[in-house]
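One chain, chain A, appears in both complexes that follow, with chain B as partner in the first and chain C in the second.
Here is the complex of A and B:
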């Protein structure tokens, strides 16, 4: 019994310190602001004498309090036979200690604030406004007492919750029931028939494709621009997926090939600096081929290196291309730091592409082409050789794989995809310049592949949607966008370490239909 | 009889250390030949010199009278030599059948353009390759496990899958590096019969590194003993068992000569 009380006390102290820390770094008011953005409740209407801002903060602190209570009543081993009273007592002790500590903080900052001490001189985030918010506009003593009651109440609720659900058998029972339902659903004869039928797959693909082609019609200029950007990152991600995900070569200078494609398009179609004015449709394949050749040229000396060394050298190469494009000496050729303007766009049946939606469809077609090529390559002798190299390069050589040629091939094909993306990118923006090709692009593409799921096409698409699409969706959060985005990324890597959609293997032994895939258990469990 | 593999004063040095010291071996086609020796005797280095991972300092490696020195590992595989590893080295995140298909790599011709265009040639080849992989799974007794990831297979199955992968390149000579390591006596005997089947049914010449003397003496037709990189004895199992130099190499000179000189030697 004494030990349990001690554990609850410890939990209370820990959560008290956490809450105090959150206040001191200004997190409480930040969260209040974020919630205000999400709920659109900035208006000054008040409830029970509390502004919406204060309510938002209390929602957050209430969650912390619930967690504290749940944590305080938790014990190392299962105590499902424990009386409810003990769990509740534990959570009350935790809540009380938590509340007392917060109360102490409120009294301290409240009194200091009343005496006119400018605390933000020492702790930048403890602004008068933040203090006022934290005290809920009350006097220090009233505020402090309020927090004691508040933390006791939330702790109590947290304890009930934890005792009822956390330990509870009904969670397990409901999970089992859900699994049962799912399995019996799968056993239904028409379900197995529909599932086993290859037509089902085509129908699903068809519907998905239709959806994808319909979405831009309903989206405005801005969203179509964003969709296009996501599409270009899908192209880049699929290209790098071949290099990193399949062949296992960590290329951190991937942006170089993107730049080659973009500059090819820009220099051959723009009026300045060369006034060549080639047609888009001719330049597109030229850009792809040039990027692939650059990939071969870079790969030849570099691919004898392994792992980290390769990453560093490619990183350098990416920077070299960017700096060259910026160079004053080459301004006459590349347009220099100011870049190339008025890059030409495609015309189809006499109709010039001039809105974001035209480019969205162009990018869709490019993505489809790249998916097709990737899929074919992956399920062939070449794709298997790449994956074998990724798994164990030494052994793959002993299996008769010429690793140098296979690596060069992976590099060139990856570069070709990037060149395709770059050419469309430059044409769509009608501009290209050195700033489009910073190191961040390479890092973003690597992140797309890793977050999405290495070596897996749907994974890369999901990765691009999350990494390039989500920030736009979160744009209404303004300054806190990056914070929320970072938190989401961390959460995603914790729960899905193999990527959003982990790679799966084809069934080949008995199944004649080689398109059926199975997700390995490891990918799910992490 | 035809000679499958021959080495002539093969020498490999790492700095001042001579890991393989002018080794002469002649391996007849269709035989089971074992290389034994204490730990660190240079057996695996000897393998690496044959398979092209190391370039020997001097000496010759002849495979059906053609030199292998200077060839890369993939070229050696193409010539018809395949190997397994002491510590299992499968492609862990690929399925069993894909491991075998990778093994077939050197016997397949489809390039990237075939793969993208799905040329009839490629489709036909791929179908035959998968069929052959299934047969190999069957041969090594792994039917039904083909779609499992290699790393999820039990230990014994991984050993056999590694051999199936090596067989997929249609070798004329198979180099096995301690195939019974980590197996209990019963499993070792199974593996021994399996190795004999490889030779009898597929006609593959076997070169074997092995520590389990029961296996070595049970299946080898000829044995060579390496110690400190040099060949100290060669002969039939019976000859090797009675050879005092071999006993000395394994047990120390005291045991061999009866003197009480049991100075510890580096393992």
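Here is the complex of A and C:
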């Protein structure tokens, strides 16, 4: 009993802190605006003295409160009996604590606001409008009391819901029914025939390809630009996938190779600073090869290290490349902080590429090529060697794999893909500069690989779509994108370290309970 | 037997390349030293004194942060990537203390604009350090609890990625909470930045800033305190035992999780103190302030030999000095001083991965 109460107290405090944090980073106001756009109720008349914006925010906070209640009243694992009273009490405690914390925030913020303190000097998102919205236009005390009641009520409801849904028998029953239907559907002779047939797969792939090639025709300039960006991230993700996902080497300076591809394209095709004006189609392979060679050069000294050292050293390399390209000393060679403008574009059969849609198709072709190469590599002797190395380096060496050569190969191929991506990127933007190559690009690519599923091609594509595509759809959430990135990385590691779409080999390896892959025994650590 | 010889010869070629590169680099360094000091001296001794002063002060801050990396690495064998951001949190803690104390007026007859922090600078500075350190320590504690503890025993890449995620999260939470602008640390009047003792060196006066001396003194005190804590107390002994072998330590009745928590609290507190120093001495805090010092302090920790506390202190001081003297000695622009830190990191890892005073690492640990 006492343990249950402690659990719900903890839940209340956690959700209280979450709500306060959401307010402090301005998320409550943003979400109110998003919901207003969703419901089209911006101009609706006010209800109970509340403006539609306030109602929208309350809808969101109500959902948080429901979740808190459901979370707080979850059943303790060791309990066998499960009385109603406990669940209700738990949800009430959670709601009360949640409400009290929010009430404290409201009282503090409200009094400060009344006294005319401009809080947004210190806390950038606590604008007077946001405070007014959060207080629902009421006095601090009334607002605080309202939130206590509101959180209590939503917490209670959440507890009831979780009691009904999470512990009810209907969930098991409906799951069983669904499973039965699915199994009997699978047993149909027609279904098994179609499934077993390799042609089905080709048809599905063909349809997907057709869809992918048709989408840009219907999309406008802006969306094609976005699709192109996603495509370039797929390229980068597939490249890094070889390094991180297959060979298990964490490279945090991946942007360096991207930068080399982009700068090769820019410096060799642009009129300034060198006026070489080479053709795109010649520079493209040059950029790829240069990036690969740089990968080899960087790899030779650092690949003797393991894991975390490698991560920091590659991060250092990435920053060195960026700082060098930015420095005034090399302006004559790299264009300096201002970058290189008027980067040349490709011409095919006399048609110059000048709109986003042309580049989308170019990027599609590059992605297809890279997918093909990755796929063949992955299922080859080399790919198996990489995966063996990732799982246990010592054992793979004992199996006769030359780990250093394999690592270098992985590094160079990954770098080559990044070079390809960089060259196309520079050409498409017609510009390249040091700011395109911040550490954030490396981190983004790592996130794409990890969120999607390490060592898995569809996973990387899904990761790029989720991380680079979704934020474009939800433009208001732009400010929170990177924040969510960070939280997502941690959350993925905690609950799904194998990614959204885990690769089949990883799935086989991973532990059923936690999803954490089995650890190779590590020296003294044990 | 050729099959036995082949791998041996490959190692030796690597050694040869290593030695040749090392000699080339050392030769270049000697030549530059000759040019700068004897052949064509560009700076007078006063300038060198200035470089050394700023290098030592910066180095002492790096050393404090580096200790945090080293403590955590020694125990968990993981790089606490978010350590620099913990420092940022500490810096903001101190910033808000100074802002709050600045808002309390304490007018005197001579100066009606006198504020509490001007009237009681010792209390103000102490309070800033205490608040900054405690907030940072608290965040270190929660960081470990949320992002690292559930991953004990996972493959090494997993906690590292979690750490990167935590670092991104903290940085952007900082950006959203405090905005992107750089904020001026409101030092007490007596600690105004740029003020200091004037030392006559080489015919010119060199300023030894008060803030720098404060930074140096506080960091030396903290380092001595930490050394005593690790070497003399029960907690320190438990920490060393856990670093040596977790399982045996647990068998000896040590609460391993508790010790790891406390390690994060200690390293967070040191990083917080470093953040407050950064603010007092260099003046500007912003959400990104922890990133570069964090990476550099990691370099310092590696340089001194990661896992060793005295090594981190030495490495920090050495890095601070190299960073301020390096551009002048190598004859490159000061814009590139960050490149020097990264280049040192790479060089150390290539030539002497165990650092200056590092323990001999087996390959399994590296």
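Rule of thumb we're sticking to: the second predicted complex is superposed on the first by the 332 of 526 C-alpha atoms of A that agree within 3 Å, B and C clash if a C-alpha of one lies under 4 Å from a C-alpha of the other, contacts with A are read in each partner's own complex, and residues count from 1 in each chain.
The rule we apply is simple: a residue touches a chain if its C-beta (ideal position, glycine included) is under 8 Å from a C-beta of that chain, and two chains touch if they have at least 3 such contacts.
All values derive from a computational prediction rather than experimental measurement.
In the overlay built on the shared chain, the residue A:413 is in contact with chain B alone; chain C does not reach it. Shared-chain residue A:123: touches chain C; no touch with chain B.
Contacts of A:274 after superposition on the shared chain: neither chain B nor chain C is touched.
After overlaying the two complexes on the shared chain, residue contacts for A:400 are found with chain B alone; chain C is out of touch.
By the touch criterion defined above, A:387 reaches chain B but does not reach chain C.
Applying the stated contact rule after C-alpha superposition, one finds that A:486 touches chain C and leaves chain B untouched.
More residues of chain A lie in contact with C than with the other chain of the pair chain B and chain C.
Chain A residues in contact with chain B (one complex) as well as with chain C (other complex) are 394, 520, 522.
Of all the residues in chain A, the ones that touch chain C in their complex are 21, 24-26, 122-125, 244, 248, 250, 252, 301-302, 305-309, 311-313, 315-317, 319-320, 323-324, 326-329, 394, 443, 446, 450, 479-480, 482-483, 485-494, 497, 516-517, 519-520, 522-526. Of all the residues in chain B, the ones that touch chain A in their complex are 51, 53, 72-74, 77-78, 82-83, 85, 89, 91-98, 101-103, 105-108, 110-112, 114-116, 118, 122, 126, 129-130, 133-134, 137, 144-147, 149, 165, 169. Those residues of chain A that touch chain B in the complex are listed here as 373, 376-377, 380-385, 387-388, 391-392, 394-403, 409, 413, 505-510, 518, 520, 522. Contact residues of chain C toward chain A in the complex are 77-79, 96, 99, 146-147, 150-151, 153-162, 164-173, 176-180, 244-247, 295, 298-299, 302, 332-333, 335-336, 338-339, 342-343, 345-346, 349-350, 353, 362-366.
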